[in-house]
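One chain, subunit A, appears in both complexes that follow, with subunit B as partner in the first and subunit C in the second.
Up next is the complex of A and B:
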């Protein structure tokens, strides 16, 4: 016993000197996004990755199994990353991991042609020599079929942009019944010949080339569609195909010999295989990759380094070249229920009073989150920094008692405790209310929820203000059950015209306008307290290279990955 | 009785330890006032950019004797002191409740025998078979919804009260079995037969003849329940079913600390030692009391 105590006491003798090396601030990565106008940018092969050699196996660790492989049903960060390896889509982002983004044609020869210049009719010409893993050529019909099956509510789970835009209504399943006639095409989808896909929209959809980069536009051969079972073995078009899986513990991808690098502007086929290994928690993942024994030497953690291990990992200079750190577009904000907190001065006071620094420290510090004062994440094209409500003493008269709801899991309790402490210190009367974590999101997404403040987050699907501001703050999409995707339930008529005006602009003119609208909404309505953007901070084994954090979702990108022997 | 207890030095040591821990828990607000940090006070300035405490062993200093919690930056010693208070506030009333229930049920079953005994024995078996975790899941959230509106804060004492009820309702079985066995043995003794022959009813026999002999086994059973409930409460917090933030709790603190084993071992060791000490002291106390009352040879 005494021995154990001495041992314990010695183990506890860690020293963390004040004024020691503080982490370097990762520079804000400001993407410069363009849509490729030169068709040559959409042609393959992709430029070689420096130092890349063929062969080897890349292992990807994640705690929970990848739920879905069906390209029309994918919406998780890992699904979006991994599907790049086996599912090609109409367009995709050529990304160098430093923010230089170019939207290029993937299966299509260009990232879409706006036929009449009004963003209502878009045409895609399908490349030659793009084939399924079976050897069959990919036709416009296969892509149209993929779009058609996404109208089926039993195959739900994926994004709904195309379905809603084509049918002009959020109840798109009423506009097109896929089950009734699987050979029919949804409204607005036309296939004049095998290599042409035309999409007609009732309203201008200038963001279409971005939306077409989601895996929902991946082709599906109608004959191979087994409905819900297609999830197990989607037919590959990318450089890798699914070899098999072992329950919920392992998923194996092997090279797809039918993939032609000359048709692909963004992907490579360096490793022999990818193994996705599920089950180990982030602490175990990090420890295994640090130890780098056997196959772990070419492994990477998808979940990232947990906050509890950050000081160890970042404190070891030898590990520094193996760290992958970058901002992500994922936003977390304290939503203010504008139906209850109707006084703008109270909402402004909340913005002035919030203690973002303490919150970020509570969540793991400078390596996992960065304080934010804007509605758009810094990864948005055209973003500009501003702080409408700098921290200052506030007058809380008239605020009354505010109820802050939070999920009752460990992280929810931690964040709410930190926020409430900061707001109370500024003089607010805050009641915290724990909501069961599994029920938290559905509850705050009810427009008539009884709380004043709650944590909410959002991850835009492409780096444009159009994927954030109208999605969260357009009051016209609030309906009886709930809302738009935002939970502040801001319903401001003067903004309607602004949303419509900017969305109808040509895509390259939109960016500065969204940034201006961001600041306008904050200054005139303050519907939320922006809190932080997440940062990706993960570690790779010493023999895997070419990995980077993508500029669109802030997840690991595997298209350039290679293994050195 | 008392002179036999005194013969065990371990009893005295354990009793002193238990008394000390109880005093610390009871005087937590006083300790916080003298020490100069409350359970909700955060010291974010003493954390580095990663949320880790500056200084040695998780920020141990003359101001923060056991350092700070990483992340929130609350004083760890005050969290432990208040955590002890939460643990004991749940465990002690739960022990009283479980012991009272067990004594009544066991005595009635043992004294009356027959179908009452069969029924109560069956009930005991059912209570033993009920898993604490499932009951906690089934009871805690519905009760919260029943008693508190959607905007009302649920005070930490509510969850503590529910836990007391839960432990009481499921923890009486050991005492009941012990008491039933003792009562059945006592029932056949001459003095009880004599009382029955003199015309005493079951109430009088239970109160005047049987119960006075049950003191030692009940005390021992109760003393052993305390550490059981303490660790069960910590385990429930561990699973997110116990007491929530911002009410300090040892189990939850330990759960959160485990991830920091490699980076801030002091954060794991201090609350861990506190829980070990708490359970150890009361286990030794219970075991000593049991042995002191044990009439068998070989002491």
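Up next is the complex of A and C:
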């Protein structure tokens, strides 16, 4: 089946300017997506990066040390980015940094075959000549073992899509006890031969090729698995391997000679090494990269330019070409507790009354956030812009007093103050409630929480509506103690059928349907007030090139990085 | 020997009290470390299973007793004293502390030599010439040093010497055994900043102590016998003042080894101080407990050592 996912309008895709545009001019990145069906697209080598030369060291600054390296346990933005260098997975996105995404086979020859056309049985043929850093060939069995160990709750922390989909239940560890028999395969996982991996699901899982791009499908040699301690030195399959780590100060990756570029459609091996330097805060990172002395000339800040230095950096034309700016898929919304605010007209009025422009200004302006009126972030394939409730005067009759809860930290206070001011100006009676930041998320995730409005955020794991709408608004996931991942507690029966219907569609037909459902949910239920998407705004040294902001997570991508002498 | 045993017993009791207090404070507000481990798409059933897996559903006293049990007898694959594993990364706490401790020691020990030497020298110099220009200058400098917060001193030094002129390399930590030059270069600024803010305390104490001793009868007698000023100050005045200075030194070094949070934050060093802060933010009780206990060991140990040394320093206590 040759199919294009969605080819949405992409008039101004270049959201990752190499120079010239100020953050205010930064256009919306609207991704186009395809799933590669020609196996040639999944073969290497990756197209050469303009200007790239081999050699040198790329230094990546981050304040907090990277907590996890174990591919089955990774779920942080940095972990997802850095693991691309050492952990290959079943599929991956070929990303040109401007929104053109192609899902290709990574360890697999293609992004997967839907054996019966019903999304229940997927088969992956493993490429020849993909090897671990030890020289041992990667087999389907190694990938199956990686999936099996992700069922172990001791190794929790990573994504749980595959485990839940394979076992058909959120309580996947009950369906398969990895500790009991580490040689066994989880339900639905079959390895007919060394180069074939078959996954059978009790329900249609048309998004599987996307989910398989998460590092949880990275292979793990069973003999090297040391449980929790595997985190220290996972066995590499990518162009780099872990050379060593100096506590929480430094992590060093060096070239993996066993990596064969002919098998890899997306990665390069230009720099001799990557050094991840932990400790410096974003102010120090930015200052050091601006000064660009010694090894800092080929450094990049993972944490980004802090608001206190933004005007200085953006105001210097010499630094502009070294900025990396892009909209991310990370979205923030004002959740409306639909169990308490039951009147749709009040929820609609809240949407009409919110002053997003003032909020974005309070947060730091157009360089850090962009107003949003849709449930899906613009980085979703198939997304279309609409505003169901344009800003206007509202009738607040029947709204009563509303309590707006926020995390008791700087950002929470800033956002809540701005929102409350806007809503009060529109006529609402708003009381703000500061909740200790440490405890904020667990509290708003209680279905019986005592607040009407609260700030919440979400970052989808792949650029499809399936990673947002059912995850946040499927009422069947709400139970006595808590909800789904959303905090509006919308429980609308008519939507259930829609979620099921769209998820069972072939993946190429899903995107416009998700976009339509996005608008339908907002118009008919208005469970949240969409507020803004975050922007990545960071700076690189003058000697490092090939960096871009990826279209899937909005994080720095290192696969094309190089250092100029 | 009896005195030593009693000091050790008091030290152990203090450690027990610190650990109980940390446990109680941790659970004083409702918190759920399991939520952080549960990642996205978490549901209450999985949360419950993670709590059970990590022993978080047990009552607090049971959790505490398990902690003490592991500490004393060890656990499977974790020899005594076993501090458990980090909730955040699953790494053994002993490894987390072993990574952070050399950084803090590298910052504190050379800085302590610097702040004590400079502080005591300046204070003694001022005391030897009371009322002189030197005395007044040292007094003003020490007052300024006490008034300046470390984060300000650090930021100014960074701005001028690193980002501005590039005179010094950016602060950072390299193991001493790997490259002593890089180790010292990366830590020079933290040493200077820490010494700038701590030395004034020693200057003022030394000024007062040495000044008092210099006006004592036995010192006047020593001077009358024909001893030089340097000998009077060195052999008599400074030695008689060493007790309080050593006590202050032990307290400062012991506390600093437990984590120099502001220094580490200002200069981006992931030592014990920052490890504790990160553990508090991440609800990582095992790391928090391990770091707090280690800090307490340093404070108690330093005080015990200095108590023992008092008799050597001051013959009157023998």
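Methods note: the second predicted complex is superposed on the first by the 541 of 565 C-alpha atoms of A that agree within 3 Å, B and C clash if a C-alpha of one lies under 4 Å from a C-alpha of the other, contacts with A are read in each partner's own complex, and residues count from 1 in each chain.
In the analysis below, a residue touches a chain if its C-beta (ideal position, glycine included) is under 8 Å from a C-beta of that chain, and two chains touch if they have at least 3 such contacts.
Fair warning: this is a prediction, and the values are worked out from it, not measured in the lab.
J.: Touching A:450 in the superposition: subunit B (first), subunit C (second), both, neither?
T.: A:450 contacts subunit B only, not subunit C.
J.: According to the stated criteria, A:477 is in contact with first (subunit B), second (subunit C), both, or neither; which is it?
T.: Touch partner of A:477: subunit C, not subunit B.
J.: If you stack the two complexes on chain A, which partner ends up touching A:436: first (subunit B), second (subunit C), both, or neither?
T.: The answer is both, since A:436 touches subunit B and subunit C.
J.: Pick one for A:310: touches subunit B only (first), subunit C only (second), both, or neither.
T.: first
J.: Applying the touch criterion given at the start, work out whether A:168 contacts subunit B, subunit C, both or neither, answering first, second, both or neither.
T.: Neither partner.
J.: Tell me the contact category for A:403 with respect to subunit B and subunit C: first, second, both or neither.
T.: After superposing on A, A:403 lies in contact with subunit B but is clear of subunit C.
J.: Identify the partner contact of A:361: answer first if only subunit B is touched, second if only subunit C is, both if each is, neither if none is.
T.: Once the two structures are laid over each other on A, A:361 reaches subunit B alone.
J.: Taking the superposition as given, does A:54 touch the first partner, subunit B, the second, subunit C, both, or neither?
T.: Touch partners of A:54: none, neither subunit B nor subunit C.
J.: Just to be sure I read the superposition right, which of the two partners does A:417 touch: subunit B = first, subunit C = second, or both, or neither?
T.: After superposing on A, A:417 lies in contact with subunit B but is clear of subunit C.
J.: Where on subunit A do the contacts with subunit B and the contacts with subunit C coincide?
T.: Common interface on subunit A, subunit B vs subunit C: 287, 436.
J.: For subunit A, which residues count as touching subunit B in their complex?
T.: Listed in rising order, the residues are 8-9, 11-18, 20, 22-23, 283, 287, 306-312, 314, 355, 357-358, 360-367, 403, 408-410, 413-414, 416-418, 420-421, 431-434, 436, 450-451.
J.: With touch defined as at the start, can you tell me which subunit A residues reach subunit C in the complex?
T.: Residue list for subunit A touching subunit C: 63-65, 67-68, 73, 75, 153-161, 164, 170-171, 173, 228, 231-232, 246-249, 277-281, 284, 287-288, 290-291, 293-294, 296, 436, 438-439, 441-442, 461, 471, 477, 479-482, 484-485.
J.: Where on subunit B does subunit A make contact in their complex?
T.: Within the complex, subunit B contacts subunit A at residues 40, 42, 44, 47-59, 70-73, 141, 149-154, 240, 244-246, 255-256, 259-266, 269-270, 273.
J.: In their shared complex, at which residues does subunit C touch subunit A?
T.: It comes out as residues 29-32, 35, 37-41, 43-46, 49-50, 53, 85, 88-91, 96, 98-100, 102-103, 158-159, 162-163, 166, 169-170, 172-175, 265, 267-270, 274-275, 278, 281, 283.
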